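Shared between the two complexes below is chain A, which has chain B as its partner in the first and chain C in the second.
Entry: the complex of A and B
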């Protein structure tokens, strides 16, 4: 049995934690808890980035870590909490059908993601290449979460979590994206949350609820 | 091998540049209409007559080019990068440009007096659409590559669509416009594919490259079939004619005149261009398709014309019939040309072209006549017209010329082309193919039947509208048309007369076209300039001037004889009352009644719904609706299948966000899996 260096063990634990958080989000019913989980996920991501920056000495990874911390651990959760309070949905729970079934589907997806990541892992030369599979799994699990949720806020959480996965994937495969792209994505996420917040208000105004099945009535009928 | 080498340095294309200038002029006139879109004075009194003058100039240029018989080319650097616009003026283009210019002169003058305020689209906008339509038709005729041709073709279709839906507030008219647009697009798709086949793998889309592409027989046949479908849909060949009887009643009359008189001919032009020019020497049995479809179209069109009660719908079916004549001529031309009988092919082509010219004048004249009647009375239904010859003498007498011409009576123009067509049928016995040379002469009977029934239809058309007694009291207030309209109608009527009286001169001018397309001219004896004989060694001939003189002499002598014999004993009485007195308008034959024998004899063609009143009915109403079976047999199954397919596809649309997300999720997974496997 080979001994992994400490930083490698730390990185792998962080990756495992991210995957665990994704599963937690997938099974979490309460909206407020979802936001908290998202903040934790952001914190783990920031920690991973910092670790990687310290290990590789790449300057822009420090900036990226700071950005992640500011945006995903503080600003966005705060915005979302405020939104939830003002929309008065903080007590909302969501009837999740068949949690165990969803978990099983999630497991299959993780296996799929790992087998998919294998050829990429062989090509990559980064210290974190074993985490590529986890990044893919996080993206796909977030997608699965968006599919299984009916409340607008939880769908946005899925969307944001997916973005975490993408960022993590980029970092594992090639030590992050170029600075300008990363900044752009960060700004995009911020704007997306603001715009979606406006949408929430509009949807609630129209249907008195944030349940998305009301939107089905917008479909054109014969 | 590079195929785009242009042959010998061409002379300076003066006439072609002139044509392009005139087309641009039409566009500018159209845009000028937007300066004051609500002004009838600007559009009607200034722009439309100006456009008419440009039409006349175009006709003169085209005539000069036709007599010169040369070919001019021009490459304009407009359009997409590396795709300049190729233009070409040859005898075939010239004859159709002549047709466009000459008939649009009359129609534009008429239109200047016709359009009023408050009828749907504003006059200025109409002016734009109308002149764009004209310019697009001109561009279709001089385009020398597939791109310019199709662009012009689509502009033509769109401009005419907007013209048809001038009264777009009426749902019925919007529906008619939709059917037209749909058929136009089906046709355009066929043409697109046709040109795709014609380039034959060279990927050069100029007509020059297509002429030198060597297609295998199979692909050439496919191209010909696609062209027949595409151009047939535009021309109104049965069973693709369904838009004609819907669009013509919906459109304002000058637009109907332009569409029926000129636009249908651009389809004929396209058919001739592809069938006889781009495809090189045709295979003789290709000609059987347009021949058979044309013959069927003749009979079908004329039968439906006979049972119509809407005057513009009647004329639309009559256009279908005439297009049948033209396509019959094209079919004969191809059969002859493919069999190597050049002179006979030239004769059939001559009949085709002559009929196009004739139809442009006479059908425009008739549509404009119905327009005047419509404006004066507000009525399209034949059952509410009658006796208008007293109220509207100008319209009535000028329309009479068109009626007689289209019925095929000598010495007017309709007779000449039908006679030429029948003459060329007589030569089909010379064809070197067994059975075919026996069957085609028999098919001639159908042409004769069509010509005879066309006479019947025209008696109905003219008799019910203009003769007899007015069927409604309101008709007494009908006014004759204004002076611009009179000039327009007179010009077209003069065209009918001139084409009828001087066929030899016309045929000589058409010689350049037949020489270009089938490589022969119809020989004419030069000693008798007044005598028309298709082929000198045969003894048939026709001399319109002699016929006219003799007819006039007989009529004059009869009048004089009656005057002399019954001097002082003449007395004026009510017509046709047979001494009974007190004839009322309700005793006249009606449009339905006049068409009843046809409806009865040819019942299998029609789908008839009839409501007969009870004998005891206090307010008896008789209603009969004649529909085409083709809707139920062909179009309804097609539209049903399309709708079913669309509904199946619509099941994908659930309206639930998570389902849509699921779609993209599954797509993502499948794509990733594919990437994994490879």
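Entry: the complex of A and C
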């Protein structure tokens, strides 16, 4: 066992925590708790970014951390909470698989992501390169969440969590994306949530429910 | 192997057998305090055992010899398990005879005899308890094995004393893998020892009981042995937890016999803290429905496997 420096241990722990939070989101049925978990995930991501910024001395990472904190810990959860209150959705209907089943599928996905990331890890030279696999796993788990949920709000949560994973992946592979790209993504996510919020109301007005499987049939109900 | 190692070995088993009821008593005491009740005496489990040993044993007419043998087998297995868990010292002469995987097997053997004995008399409750116990067991066992695999990955050995020795040497730092498996281990401990979120050890609540249902047909000395074995199992699980996750204070090879003077108080302190922590967990959580237990244990398994995967990934 080699001695790892403290910041490395902290980064590894943060990465592990992100993965754990992804699983928590995957198993959470209540929508309000889902939003809170998303906020916590954002906070861990911001802490990781801050740690990395301090470690590498890259200035744009400080901005990225501040952006993550403002957007993903405060603004988006607040918007989503408001949305949930107004839409009166509190819990998702039963997911397509039972929770234990989804967890096991999630484990298989994690194994897949880790083995997929191995060659990339060997090529990268960043301090966080071992976390690339975790970032990939977070993205794929968010995919899984979007696939297995029926309600629109939970699917959006999956989408947002996926964006967290992508950001974390970029960070661990190459210390973040260029500033302009990051700003663009942040704006995209914000607009997406606003637009989807309008969508929710439209969907509910049309079908009296946020269950997306109503959208599967193209024709009007006769 | 010198004499001191053997003395330590014998001392360890004697302490485990003698202190197990006190550990349960302490846990119950803490729980009573947390619930604003007057706490029962610390020695209540001993008095209970004493009382039961002096009663006349009654055995159902339809019971086979298996029913009589089972308490001795279960108690014996737990004593053997106590002998191979390094709770005080990592230099134990008997430890070489079985590693951590064999330890899981020992627990499985005890469970098998217990469930067979419960079904032996043929009452409905015994069968019900046995079936539930098997359900809990077959879900908890892989999780426990995974927890052990994480620790053995770190120290590249499946022998508990080597693992403890390696972890206690201390140059490990923060290990997310080990932290995950610690959570998994606590969940398994609660499930395997019939503690609150899974089973309520305090009552004979007909429809929800698991462990108690299996003991309904036992009386007197057989019941005493079964209860003592359950207490010993809890003690053993606590000691496995210390060996894997809190190995500090255990006497190691180069510390010598004086290490015991540190190890015994350290064990006592760890047990006291663990008992209080378990009481806290039991107080803040509510009994689950039986149908939710697989979900609970799937979570434990998930934590353990995640710990293993994260450890393998981050080590690279």
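Some observations on this one:
Please note the rule applied: the second predicted complex is superposed on the first by the 210 of 222 C-alpha atoms of A that agree within 3 Å, B and C clash if a C-alpha of one lies under 4 Å from a C-alpha of the other, contacts with A are read in each partner's own complex, and residues count from 1 in each chain.
By our rule, contacts are C-beta pairs under 8 Å (C-beta built on N, C-alpha and C of every residue); 3 or more make two chains touch, one makes a residue touch a chain.
Source: prediction; values computed, not measured.
Of the two partner chains, chain B is the only one touched by A:116; chain C is not. Of the two partner chains, chain B is the only one that A:215 touches; chain C does not reach it. Touch criterion met: A:144 reaches chain B, while chain C stays clear of it. Touch counts on chain A: comparing chain C and chain B, the chain ahead is C. By the touch criterion stated above, A:49 is placed in contact with neither chain B nor chain C.
Of the two partner chains placed by superposition, only chain B is touched by A:155; chain C is not.
In the superposed model, A:22 lies in contact with neither chain B nor chain C. Of the two partner chains, neither chain B nor chain C is touched by A:172. Residue overlap on chain A between the chain B contacts of one complex and the chain C contacts of the other is empty.
Of all residues in chain A, those touching chain B in their complex are 112, 115-116, 119, 140, 143-144, 146-150, 155, 212-213, 215-220, 222. Across the complex, chain C meets chain A through its residues 154, 166, 171-177, 179-180, 294-295, 298-299, 302, 305-306, 309-310, 312-316.
Residues of chain A touching chain C in their complex: 1, 3-4, 6, 9-10, 12-13, 15-17, 19-20, 23, 27, 99-100, 103-104, 106-107, 110-111, 114, 117-118, 121, 130-131, 133-134. Residues 647, 650, 653-658, 661-662, 665, 668-669, 672-673, 675-676 of chain B are the ones touching chain A in the complex.
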